[in-house]
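This is the structure I have questions about; it appears just below.
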């Protein structure tokens, strides 16, 4: 069961977890990314492409399902304006075996950083607004899976 | 915040997650291991040492906290008799940065398999009862962290 | 006609989310189009001052600067992605 | 006196969870004790038939077969662990 969503609404982690776990899987790995309030950040805005962002997430999910034996895969990415503490992304990967669940989860979060059409803009309490630059480390991590 | 528990009671995943997340961490990785009902398994029993099992979990948690910059760490292991679908182990690791949360989570589940005094016994519908043998692969995975 | 959509700081510098243009003569590749936009006006000069920082998707697929635009009807131009 | 506790299939084969013994003469190391238990009776022979599969914790710390028992009051004998 693959579930992919791109949504402006808050991510309901407990609800997504319950839906994902309905199958009762041997091993479930998850990753939750949240907005950090570092340096006086007041808002994180996530720009996206109306068609290609969802397509990119679906493509990643399909690749992960082909690469590992997964019982269930959930990939939810929030878009639009968020406040510190809000959940940006939720990855859930389940498998009969722990190594596959853990690897799929890590693969998805690494590739999300470099392969999906999403752009972060940060606003700070002092009035600064800036688009986040892609980091070299993200490419290095994503490249491990090639 | 480090929380470690060894308990015969069912693991309340949602409650543990809520307690763990109270700090609001940038990145949270989790691993949930459940009893699989493969081959007609009817019961999984987990034997433990009344003192050394908890000590081993605490030692692992301390090592992970020394190795990575973690905002919170939760490690809950169930003991005693369990049915298929029951949660055996819950690992939650949070950090400002995703690579540290993911690595700590994987480290803890790998080392749990080889370093903590716990023994699994399986009972099957056809009457067979057997103690689980340690697998070579578990040692190979745990050895990656040395 | 070619519909161009812009994202993130490329959109901000261009001042529009999308526009429809007649593909200029001589703009055969994605790189040609970016150079033409950079030369067209002040907004384009700001948005495309560093073409190596621009990514493109043609008809839904990521492509390099050397890709031929051909008969494509839609192109998206944007900075490197920063999701996750 | 030395308290020995057994776990998992070692406990099942020994038929008891723990016992207290006077450390036998000549049993200086963990390996010596295991050999003595294997020779003592049928239960011990079954539990310790393959000493390379037995792990030990002395006073709360994992030790090898060559470790000296010394003045320790507690030893735990068990198979390789299978948690997680």
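Order of writing sets the labels: A, B, C and D. Residues in every chain begin at 1.
The rule is simple: a residue touches a chain if its C-beta (ideal position, glycine included) is under 8 Å from a C-beta of that chain, and two chains touch if they have at least 3 such contacts.
Quantities reported herein were computed from a predicted structural model and do not represent experimental measurements.
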Furthest chain, CA centroid comparison against subunit B: C
Mean-CA-position distance for subunit C and subunit B (Å): 50
Cα-centroid distance, subunit A relative to subunit C, in whole angstrom: 27
Sites on subunit B at which at least two other chains make contact: 33, 98, 109
Overlap residues in subunit D, where contacts from two or more other chains coincide: 84
Contact pairs between chains, per stated definition: A-B, A-C, B-D
Subunit D contact footprint on subunit B (complex, rising order): 33, 46-47, 49, 51-52, 55, 77, 88-89, 109-110, 112-121, 131-134, 138
Subunit B - residues contacting subunit A, complex: 13-14, 17, 24-34, 36, 38, 84-85, 96, 98-99, 101-102, 105-106, 109, 141
Of subunit C, residues touching subunit A in the complex: 5, 7-9, 11, 57, 60, 76, 78-84
